[in-house]
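Shared between the two complexes below is chain A, which has chain B as its partner in the first and chain C in the second.
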Partner chain A sequence: MYEPLSDDVLGDRFIDPSVRPGDDESPSSETRENAGSQTWVKISDIVKTHITAPFDPAPLVQLQSDLHHRTLNTWECVVMTAPDGSGDFDASLHDLSDPGFVDEMGTFNVCAVPAPDRDLIRVGNVFYFFTGSTIDKFGTIEHVWRLRFRRLPRWSRTDLTRVDAEANDLVEMLGEYRGETDSAAER
Partner chain B sequence: MAELQNEAATIVLLGSFNPRIFQPFWFAAQDLIRSDEAEKADIKLIHSDIAMFSIGWAQLQVSSDRFAISTIKDHILIRDLVVGTFRVLEHTPVRALGMNRELHYALASQAQWHSLGDQLAPKEIWRQVLTPNYRPGMKALVIEGQRPGSSAVTFNVKVEPSRQVQNGVYFQTNEHHQASQVDSSEELSKLVDVLETEWLKVQQYSQTLAEHVLRAAKSE
Partner chain C sequence: VKLTAPQNDEFEVSLFGHGRGECVLVHLSDGQWLVVDSCKDRATDRPVALSYLEALGIEPAEAIVLIVCSHWHDDHIGGLADVLLGAPDAEFACSAALQNRQFYRLAMGDAQVPMAGSSGVREFGRILHHFRVTGVGPLRSRGPTYWSTAHQKLRSAPCDVTALSPSGSSITTALTGFANFLKQGSQKAYTPRDIDANQTSIVLWLELGDIRVLLGGDLEETSSPNEGWKAIVSAHQRPPGRASVFKVPHHGAPNAHNTDVWQDMLDSDVYAILTSYAAGRNPRPNPQDRARICRRAGAGFCTSPAEGFTPRRRSSTTERTMSGPARNRRTRTGPLGHVRLRRGVDDPDGWSVEFSPPAFDICKA
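Let's turn to the complex of A and B:
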């Protein structure tokens, strides 16, 4: 395999085709460095981008940084109890990395919650608990964890209509079920 | 053993968008991101034709026909942001959804790197017609298929040499979902539901697929 000549989304890139992989002093090494410092593409590149559905996988953003993030595990947690006097609250933990695992319970403290999220510590609210690592350009690995509350919008009119319809279906179903039970009771 | 070195995830929607709406403070006003994130957002451009900004854990670019959000951190967060955004903007005409992942793996040696390229794209046919003293090499390979159990139109995989990792291989996956009607909020709602339920599965599947290819090629 050789270095790609160009990227159809990020625009033209010059790479000397005579250079083979492993040639350290090659222009392709330089290109990699340049690519490393590039976080946003030029507007002109975006303007000339043509979307070719159905295969349109390439993001416009080139994501690179000095830090490599690796999320090792993600739990979706639901607040089960309000914080007590010491700030502890209980939550159920659902392992998103391996949904086969049985849900667990855990105790968190408000100190672990970012200040802007603390208003969201309410029973029933959902937050994510991430564990992972960051690796800097020198190869230093730092183990990290993050906690972040899920933010979803208020109910839209469509949501309300949909939920209303689902509730009506449920009421009808329960009504039928109750009717059957009543009938059975009479029998 | 190939080692995952770098990765990113991107959600792309194709349709008709008003880039001017997509500003950090709009997202904060809808309570989709924190207000401190909006204040600290790195705004590259907000214009009637395009909006580009970063909020630390995500980068967003919106043009009149494309909405794209990427992250190198916690993939589930961009899913929630997109789900929330298009539950608010429920009448946006959207015609397609792409769930994408990028993975850069480092191979143990340059020999393994060449071997993988040779196994994915055998060179025998090419050597017969190309200049013999210039060794033909694989620049890119695109495979189209479907993810088992998915309602998507296609699942596309692109394999290239990595530009970020020495002796590295780059996988780009894309699961493409198409709306049956463009101007229908019901269709947008369906695509958003697909995103909500399938996003993590697509992310996991992409990694499983890439690692399967690396293992299978290595064992031959």
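Let's turn to the complex of A and C:
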């Protein structure tokens, strides 16, 4: 029932909402804001779930392979628990497509995560959960989903320098705890 | 729960929670209020503390005299910066573990390059920003009024408010954690969940005449006699007497349970109140937690079910597709529950308890 689709079927004519311009690994707020509407995603690692009757969806872009993919929903998820013995882990789900839905918790399995991302399944790390549909030239619709982990930006040297300057300001203003004999005294 | 303000000589403990947030309001008498931690009401997106006081017809800026941030986990700090701004003359106490360069770096760094899932750090970063840039009131123009440590008296009139934690040893452990995290953080920023903020949580002892209340924050138990609840129970500076109301720590989890606390610091018929935590793999309090608490307490009340709530349904197609990888879905937060205990300062009849759904009696459920 589950069959991964390969990139070469679809070529490179996609925008991945989890990739920020100029950064091929991290999402930007700008692209994420668009994630719920008509966003096209790269569908490597997409897993087919099931097939339903043909439909007449919102505008689709014609792709080289006669396959069309449309992202319907995107969630930003945070890993809350490490995988257990059966590979299950819990994550929070924040709906980027419709903020009207409150955050949820869900249980995922490492098998659902693309192999290159599995070392990123750590508490606190972020991944994106896309659901959508593909339609082929015969009008057959497949509802598909995909998980993709966000690779967090590193703090640059400039970031750290700026942080140190601000931290120094705060140390000067607020002081530092020096142990039981010195601190925490009433200001 | 009737929205009527307490009398001046009436003591009140109100606990709010919605499955992933906690806020305690205490009327210390004479129209003076203590706020411990903060969460937002999902319906209004405002801090519960401000909404509740306004609903009672009380002006928060005049009534709140002390704000305590027990620790910086995101389920205890939501909207706290807004509470500080809404009560600019109130004193502010937070854990001394946060008074260090590494935590400042963490909070400021998060503002530069946000860490994943760090809303607690982010909210405290907002507070530090107010101190550093804008100022939030005459009493706090130079930062928190108290960087709190164990056995520090935060207020003495009309009601004694004393911090029983964090211990010096807990603070030292936290400082090491911050430093170690930032070694990793300089390589890659991710959420600092491996720093155990619960160990630096502020526990409060309130005392007014015969009324004694123990607010347990999220303090956990450890193997060290110098940290956690062991350090509190064994401390010779601990105020004498037994509390008749206990805000159970860490949502009733067994890692925050200490038998000696129940035996030495609480009345045998103590009112145990707690909030749930529906956001983890093991929602708390679970039935075993509730049974353990009810065996020791005279009565127990929780602000909302630990199991969370069934999410609002999406289209059948979306629901079907989601169910492929995501199982056991539930909402992290639900409606706001409220447990309120009131008692006249000289009232021999003891506490009256009210609660509004989804709050419930854990000993009858």
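Operating definition for what follows: the second predicted complex is superposed on the first by the 95 of 187 C-alpha atoms of A that agree within 3 Å, B and C clash if a C-alpha of one lies under 4 Å from a C-alpha of the other, contacts with A are read in each partner's own complex, and residues count from 1 in each chain.
Here is the rule we go by: contacts are C-beta pairs under 8 Å (C-beta built on N, C-alpha and C of every residue); 3 or more make two chains touch, one makes a residue touch a chain.
Just so it is clear, the model here is predicted, and its values are computed rather than measured.
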Quiz item: Of the two partner chains, chain B (first) and chain C (second), which one does A:145 touch, if any: first, second, both, or neither?
Solution: second
Practice problem: Check whether A:161 is in contact with chain B, with chain C, with both or with neither, and answer first, second, both or neither. | Solution: neither
Exercise. Classify the contacts of A:71 with the two partner chains as first (chain B alone), second (chain C alone), both, or neither.
Key: first
Practice problem: Applying the touch criterion given at the start, work out whether A:109 contacts chain B, chain C, both or neither, answering first, second, both or neither. | Solution: second
Practice problem: Give one of first, second, both or neither to describe whether A:117 is in contact with chain B, with chain C, with both, or with none. | Solution: first
Exercise. Mind working out whether A:173 is in touch with chain B, chain C, both or neither, as first, second, both or neither?
Key: second
Quiz item: Same chain A residues contacting chain B and chain C, which ones?
Solution: 150, 152-154, 156, 159, 162
Quiz item: Hey, which residues of chain A end up touching chain C in the complex?
Solution: 47, 49-50, 52, 72-73, 78, 80-81, 90, 92-93, 101-109, 112, 122-126, 129, 131, 133, 143-145, 147, 150, 152-156, 159-160, 162-164, 166-171, 173-177, 179-180, 183-184, 186-187
Practice problem: Please name which positions on chain C make contact with chain A in the complex. | Solution: 42, 96-97, 99-101, 104-105, 108-109, 112-113, 115-118, 128, 131-132, 142-149, 152, 168, 171-172, 175, 185-193, 278-281, 308, 311-312, 314, 317-318, 320-322, 324-333
Self-check item: Interface residues, chain B side, partner chain A - complex
Solution: 4-8, 10, 12, 14, 30-36, 44-45, 50, 52, 59, 61, 63, 65-66, 68, 70-77, 80, 83-84, 87-88, 90, 95-96, 98, 100, 102, 110, 113-114, 116-117, 135, 137-140, 142, 144, 153-154, 156, 158, 160-161, 163-164, 167, 169, 172-174, 176, 178, 185, 189, 200
Self-check item: chain A - residues contacting chain B, complex
Solution: 1-5, 20-22, 31-32, 35-36, 39-40, 43, 46, 51, 53-61, 63-65, 68-71, 74, 76, 96, 114, 116-117, 128, 130, 146, 148, 150-154, 156-159, 162
